[in-house]
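Here chain A shows up in two complexes: once beside chain B, once beside chain C.
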Partner chain A sequence: MDFDTTIGRREFIKNLAISSAIIAAKAMIPGVLFANEADFKGLGDLDWNKTPCRFCGVGCGLLVAIKDGKAVAVKGDPQSPVNKGLCCVKGYHSIQSLYAKDRLKSAQIRKNGKLVNVPLKEALDLVASKMQETIKKHGKDSVSMYGSGQWTIPDGYIASKFMKGAIGTNNLEANARLCMASAVTGFISTFGLDEPMGCYEDIDYADVFVLWGNNMAEMHPVLFSRILDRKAKNRKVKIIDLATRTTRTSYASDKSMLFVPQTDLAIANAICYEILNSGKANFDFLKKHVSYKKGKTNIGYGLEDGFKFKDKLEGIDLDAVKKFLEDYTPEKVSKYCGVSVKDIRYLASLYSDPKLKVMSLWCMGVNQHTRGTWMNNLIYNIHLLVGKISTPGNSPFSLTGQPSACGTVREVGTLTHKLPYGVVMSEKAREKAAKIWQVPVSKIPSKPTHHTVSMFRALDRGDIKFMWIQVTNPMVTMPKLKRYRDGANKEDRFIVVSDIYPTPTTEIADVVLPSALWFEREGMFGNSERRTQHFNQLVQPPGQAMSDGLQIMEVAKRMGHGAMFPWTKENYIEKIWSEYSQFHANDKHSMAPYEVLKENPGMRWPYVKGKETRWRFHAKYDPAAKGDSYDFYGKPDHRAWLIIRPFEMAPEPPNKKYPFLLCTGRVIEHWHTGSMTRRIPALHQAVPEGYVEVNPIDAKELGIVNNTKLKLSSRRGSIVLKALIDGRARPQPGELFVPFFDESLLINELTLDAFCPISKQPDYKKCAVKIEKV
Partner chain B sequence: MPIFSYLVYPRMGKKEELIKSLEGIPECKTVDSTNEDIVVLLTDTSSEEKEMHLQETLKQVPEIEGMALVYAGE
Partner chain C sequence: MSKNKLEKISFPMIFIFSLLMMTFVYVQVEVFDHFSTKDLDKKETQKEVKEWGKIDDIKAAKQMYQYLDRPMHDNNFIDKTARQRTLESFYELRAYDGAPPVIPHPVEASLTLTGDSCLACHENGGFVPKFNAYAPVVPHPEKKSCRQCHNPRDGKRLFKNTNWKKNSNPRGVNHLPGSPLTIPHSIQMRENCLSCHSGPAAVLEIRTTHPERTNCLQCHVEIKSKKIWGEN
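Here is the complex of A and B:
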C-alpha cells in the first residue's frame, strides 16, 4: 500500500505536510477555512483542471494540477458553487488514490486457484464467452451486473443499455441500493418524483438545521462547514443534532438530542402531533397542496429468501391523521424514545415558527433503516404540515453518500426496476427505451428481478450463475457477509470484478479487469442537489486499465451487440450524453447540453431554456410548475402526499444473550471500504484500523479500557477489535459503533440482512451483539 | 533534508505580523486560515544542522503564542 513517490517526491511531501496540518486544524476547529490552501510555487508552472471530487455525494469542485502526465497537486475550486474553494481531508488527498504501488494495471484470470496476469483481450474474450455460455445454458436471468453510485453517468448508461436492452434481463443493481434506496422510495411515495426539491443554497437561507441521524461533520464536512459559516454570520441560527450517538456533529451543534435507535419514527410523529395540536400547522398550505394517505403496516423485514412486499396507499382525511397521531403525544413517545417531552416540543416549535426557515438533513441514519421509506415520509410530513418546502431555506434534504448515486443510479436507473426514464413495469417507459435504443419493446422485460440482497441470495442459491461487479466492493459491504461470500465462491459461479486495486471482492473473482479511475477517463457525476458535473480525462490510465463503460462495450461487441454501441473511445462520452438526454427531454428533468457541462462547474436539472433549476415544485423557481405557487406535479392530483406511518420495532432487539445494539458507519478519513483511502499514507496513518466504540459506563462495568481487545459476536459471526472509549464519538450505554472501512476486520460478518420492505435497503445500524474480553 | 508542518497560534491580534515574520525566514512557508486565528507553517531545510538552527530561530519569533507539530518527514 505504499505510495508511488516518483512524482516530484519532495514537492509531494511538502503538499502532504501542509495537507496534514490542515486536516489537524479542521479536526480541532470545526469550520476553519483555508481558502488558498497552498500556492504550490515549488511545483513550477502547473496546468490546473476542474473535476468534481469522487469521495462523497456532495460533489465538491476540485482543481487538479497535472505535470508530466501525472496529477501532482489538488485544491478546492473557488469557482465551484458547491464548496467555494473548500475541501475535506479526502478531497485534499484524493489524487493520491491513483498512485498506490499495487494498482491493478493488467487483466487477470484465475488459473489453478490463483489470479494471473493475462492480455486484456484474453480476459474480455473470456468474460464474453462465459456470459454467452451461461445465458445459453441457464437463461438470460442467470447473468447479472452489480455496479455502484461511483459509476460515471455514461458507464451506468452503458450498463443499463447492455443488460436491459441488449441481453434483455433486469438483473442490474447497484450499491446505491444499500445507501439511497429509501430516499428514492420516500420521494416517490410522497412527491411522485425522485431527488430533492431544494439545493445547497438552502443552507444560505435557513435559520434552523435539524440533522436526523446524520453526522455531517464527518460524512459531509464541506456542507457542514457551510452550515457553520451560516451560523457564524448569523448567531440566531440553530443546529440541532438528533442522533443515536454523540459525534463531532453533536459538539458543534446548539443542541444534541440522543434517541433510542428506531424510535425516530415515533419522534417524527410526535413532532407532527405537537404541530397539529398546538394549532400551528399551515392549514392554508395543507388545504391547497396536500393529500392524506395511509399505507400497510406490520410489513416485515425481508429476512427470508423470496420475501415479497408491495405497499398500497389509501386516501384518508386530516381528521384521520389527527386520530392516528394520538398514539404519539410527546408524553407517550418520550417514555420510550429517550428524548424529553420538552425537547420534542422544542423541535416542534422550531419547525412551526412561521418566522424561521428550517432545513432537515439526513443520510444513512434514516435510509439504512428497516423502515427507511417511512422515515423519509415522516420528515416530509413535518415539512408539509408547516408548509416549509420548495422555497429558499425551507428544505427537507436527503444527502447522498456517493459521487453519482443520484446522477447514475437514480437518474440513469441502474436498478432492477428502473429504466433511464421510468420503470420497467411501465409500457410507456419500455417503449421509450426501445425507441431510443432501437431494440424491439419485447426485448426489455416488464418485471423487476432482484434487488441487491435478493441478487446475492440468488447467487448463493444458484439462480444466478454469473455476476459482473464494477466500482464496488460487496465482499466488504454486504450485510450478513459470510452467506454471500460463500455463495459467490461456490463451484459453478463465475465472477468478474472491475476495479483499480485488489480487494476482498477481487479475491472471489474468476476474472479481474483493471479500471480507469475518475479523471483517467472522461465522464460525468451527478451530486445530491441534482447537479451534473462533467470532467475531462486529465491523465492516461495505467497499463491495460480502461473505463468500466469501455469494458462493457468491448464485451457487448464480442457478444454480437456492437451495433448498439457504435461509438469510439474518443467520442463515446459525448455521444452517450446526447442519446441519454433524450430520455429526460422534458421540463421536469431536462439535462444541460454536453458543451454547457464541459464549460461549467456543473448544472442542476431541470435545465430549461439555458437556465438550471434551484427549487422544484414552486412556480417561482421551477419551469415545470404551473400556477403561481406550489405545484407538486409528480402526483396526479398535483399535491404532495402526507402518508401516516407508525412506529414499528427493529427486527433484532438486544436480549440477555446479545445485550448490545451494534451500529456501523464511516469515519471522515476513509471512503467506504477503504480500498482507496487506506492506500493514502496520511489518511491510513490517521485511522489505520477498525475499532469498536464503547460507552464509558459500559466500559467501566465490564473492565474495558482503550485498546482492550474485544470479541464482538452476533448470531451470524464474530470479530476481534480494539476498544475505543471517548475517541471521536460516544455511543449511548448499551450501544456500540464500528466503522466498516477496514477489510481486515469485516464488521459485516455480524450485521443482519434485514431491509426496508418498500425500498429493499438494508439496515446497517441495528443488530444485537455481545462483547467479550479476549 | 527535513520537512515539518506545524499549526501555529499567534498572540492576540498579531496574526498578520506573525505571517510576515515567518515568511521572512527563507525556510518557512505559511498557509493562513481565512476565518480563524491559526496558521499552517511548512518548514523545509537542507540539513539537520540547518533544521536545528531554524528551530532556534522560530523560538525567537515574538508573535508565536504556541506551536503544534503535525508532520515530520524527509
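Here is the complex of A and C:
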C-alpha cells in the first residue's frame, strides 16, 4: 500500500510537471487560439481587416470583419506583436460603438437655445465666419482649439498646421494635457527627449515588475496578461503592486504595498537612499552616463488664475545627492508613508540586485499628481542609480492612457508650446515648421499661450471667445467642472464641438459637427511603445459625418487658407504622412513610410534603414546612439540627468470638515467618459452607473452598506452616489474612489483644479471631501 | 446503508484524498508559491483592521488569481473515462440558478459538522474512485460551515407535490459573433470561475477552452443590468 502510493505520488508530480509545461507552452502564444477557434460560422465569407483598437493606449491590433458595409465581428490580430491575438472586453465589443441609435449624423446649430439640424455646409460656413469675426474683433489669441489623444495623427497634424501655421496662434491644446503631460516633462527633464526608451518586449524579459499606482489589470489589461504570461513561464518573476487602493492588480501581485497618497515621492527617494547607502548603486554607470541636477522647490499648485512657473535646473554632484537623500531614510519615510521599513528595503533590494531585470510601470497615479513631473523624474532616478535602463527587461516604462496620446499629441505636438518638431520657443524649430508649411517664420508665434486649465480659465474670463472642441468631452473631464461649464455658457462665447454622440459637451455647443469614427475614415494612431499603426477606411461614415481633419480643412478653405491644405478627401492621409514625416526625418525619430505602415501591424519609431528601434539610447539597439553602450543623446552632455526632487504635500489634505480623500479613475469596462462604451450593451450592462467605493472599516463606522445613498461634497460641489463596498476594489480607510465615466454623476464637480506647475497636468486623485447619508 | 459499510468506504477515500491534498499543498508551497497572495499584508497596510476584526478579501478581485496556473485546470490532465458533470446533472441538484446544490452522495453524520471533511475532497477536487468521477471544486472554500446551506438528499420522494417550476437556466450571450460571452449569473459566492468552468470536475458544456489565461474578467464581464443605456 505504502509502496503503491509513493509511486502514484511520484507519477502524479511528474504529470503535474508535464501539464504545467503544456500550460507554459500555451501561454507563450497567448490568444492565438482565440482568433482561430472563435465561432464565426453563420456569417458567411468575411473580410477581415487590421486596425488598432480605438480605446486604450495599449494599442492592440484588431481584426474587424466587414459584411455588407458594416462591421460585424472582432478578433485579436495574431500578427500584432502587441497583443498576439488577445483583446480585452472593450476591444472585443469596440465596433458596437459605431452603431448606437443616437449617433450624430447631421450638423447642428443652436437656434433659440435649441440645437437644430442644418445642412453641413451651413454649419461649416458659420464656424468659419465666426472664427474670422472673432479674430478680427479680439485678435488671434481669442480663438482656440481643444483636441485629444484620440485624434488620429493626421487630424492632429491638420489642427497644428491650421492653428499655428495658418491662423498664427498657440491656442492649441489637447486632453492629453490631463493625462500624459507629466510623463512628457518627466522625459524631457531627465532625457531631453519624449517617450519611453524601451518597449513592450521588456515585459518578456523582466524579472520584476514594480507597478507605481497602476491598476494594470483593469487599465492596461492586455499588457497585464502579458505580464501574467511572463510569470507563468518563469516562476521567479515577481509583481509588486505599490498603490493607494487594493485592486485586482493587488491580488494578482506577489506583494501589495499600500501607501498614503502623495508619499510616493518620499518612497521613491527612500529607495534611492537605500540603493546608494547600501553601496549597491551602479557607480560605473553613474560615472559614465549620469549628471546630477537640482530644481526649484516649493513650487505651488497653480490654483490661481495667471499662475506662472518655470523650473530651473542647476548642476550638483553625487555628494549633494547623498546629502539630500539623508532626509529620506526608510526609517524616516516609513513614519508617514504607510509602507514598512522592511518593504522599502525589499523594493530597493529588488531594484539593485544585479541579477534581476526590473521594469517599472506607471500611468495616471504618477502623472495626475501635483508633483507629477517630479514623480516621473524620481522613478528614472532609481533606474539610473542601478543602471537598469535601455536594455531588454530593464525599463522604466511610462504607460499611456489614450490610443494616440503619444502618436498625435506628443509626437505631432498639439500643445501650446509644441510644434511637430521642437518647441515654439526655439527659432530653429519655428524655421523648420515655416519651411515645411511654406509660411513666413513670423507667422508662428514664439510664445506659448494657454495650457488646458489656463485655456478654460481664459474662456471663463473672456480672453478666449471661441473654442473648437474635437474628440473629447471636457464638460465631463475638466476638474472643478462648474467654473468651466459656466464659463463656456457665458453670453458671447462661441463653442464648436465635433463629436459622434450627444454629450454634456455638445450641450454647451453653438455648433455641433458630426464626426467619422475610427475606421469610418483612414488614419493612424501611435501607442505607448512608439508604435505607429495605420488603419484603412473600412465602412462609410453615417449621414454628413466626416473626419475631424476634413472638417478643419473645410473651415480653413473658407477662411482663405486653402493653399496650405491642397489635398483631396481620397489622398489627404497619405500626403499628410509624407509632409509630417519631414519633421522627424532624422535617426532619432524617423517614421516608417506610408506603404510600410499600411502593410504591417505597426512600426516603432525611430524607423531607420527599414528597421524599427526597440530600445533607444543604447548603441546596440539604437542607430542614433554613438559609442558602444549608452548614449543619452537627448541632452547636450549625452548623459541622463538625475534630478533630486523632494517630498511636498498635496494641496488639499483632508481636515475635520472634509475628512476623506477622493480619488477618481476608470474601470475596465468603460473608456473615459463612457460616451462610447456606455452605448455598447455588454459594457453598460456590466457597470451601468457610477458609484463610490468606501473602505469597509469606514462603512462599518458610518453605518454604510452597499447601495446606501451618500452625498459627497467638496469645497466646490456635491453629488449623490450609491456606496459600493468591496465590489472590485477597496480604497484605504479615509479614502474614497469614484469612477468618472457616468455623465449623470459628474464627479469632477468636486475635484480640484490644482496642477503640476511643470507639466500643468491636474491632479484628479487627491482632493478633500465629506460624506453624508441621504 | 449501515454505518459500518460507510466507514469502510470513506476511510480509504479520506486517506487517498489526504494524500492528494498533501500533494497540492506541496505543489502550492514548493512549486507555485509565487502565485500565492499571502503577502497582501493586512497588518501593515490597514492598521485599524485589528479594531474591527478581520476584513475579508475582496473576492471578486482575488478569486480569479487564486488558482493561477494549476495543472488541474489543464484539460489534457483529465481522465476522460471518468463520469463527467453536465449542465443537466448540475441543475438537477439546484432548486434554481444560484441555489446551493444538495449533496448527492452519502455523508457520514459525525464528519459533517464543519467543512474540513468536505474540503478534503472539495477544496481542490480530485478523482474519487468510488464514484468514478472528479469531486467538484467549491468556489468558496473559506466558508466552512457547509451544512448550513448544503444538505444531503435522502431520497427523492416529495411530501406533497409542488407547483414550483425552475426558472430557465442562464445563458451567456455573445454580443457579436466570436466575442467573449458575458457572465449571465451573479458571481457572489462563485467568484472562482475555474471551479465550475475548468478542471476535470467542470461542467462539460461550460468548460473553458483557455483556463491558462486566468485573467477571466479581462474579457468576460458580469452583467448587472439588462437595460440598454438611455432606455427606461
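Here is the rule we use: the second predicted complex is superposed on the first by the 737 of 774 C-alpha atoms of A that agree within 3 Å, B and C clash if a C-alpha of one lies under 4 Å from a C-alpha of the other, contacts with A are read in each partner's own complex, and residues count from 1 in each chain.
We take it that a contact is a pair of C-beta atoms (placed from the backbone, for glycine too) under 8 Å apart; a residue touches a chain by one contact, two chains touch by 3 or more.
Keep in mind that what you see is a predicted model, and the values were worked out from it rather than measured.
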| item | value |
| --- | --- |
| Chain B versus chain C as contact partner of A:A232, first or second or both or neither | both |
| Which superposed partner A:C272 touches (first chain B, second chain C, both, neither) | neither |
| Chain B versus chain C as contact partner of A:R679, first or second or both or neither | second |
| Residue contacts on chain A - larger count, chain B or chain C | C |
| First (chain B), second (chain C), both or neither touched by A:G338 | second |
| Contact residues common to both interfaces of chain A (with chain B and with chain C) | 13, 16, 20, 22, 33-34, 37-38, 232 |
| Partner chain A, residues of chain B touching it in the complex | 1, 3-7, 31-36, 38, 40-42, 44, 68, 70-71, 73-74 |
| Chain B-touching residues of chain A, taken from the complex the two chains share | 10, 13-14, 16-18, 20-22, 24-25, 28-29, 31-38, 229, 232 |
| Residues of chain C that touch chain A when the two form their complex | 19, 23, 26-27, 31-32, 34-35, 37, 39-41, 44-46, 48-49, 51-52, 55-62, 64-65, 68-69, 71, 74, 76-77, 173, 175-180, 182, 209-210, 212-215, 217-230 |
| Residue ranges of chain A in contact with chain C within the complex | 5, 8-9, 12-13, 15-16, 19-20, 22-23, 26-27, 30, 33-34, 37-40, 42-43, 65, 72-75, 86-89, 92-93, 95-96, 102, 217, 221-222, 224-225, 228, 231-232, 235-238, 246-248, 250-258, 338-340, 343, 668-669, 678-688, 696-697, 700, 726-730, 732-733 |
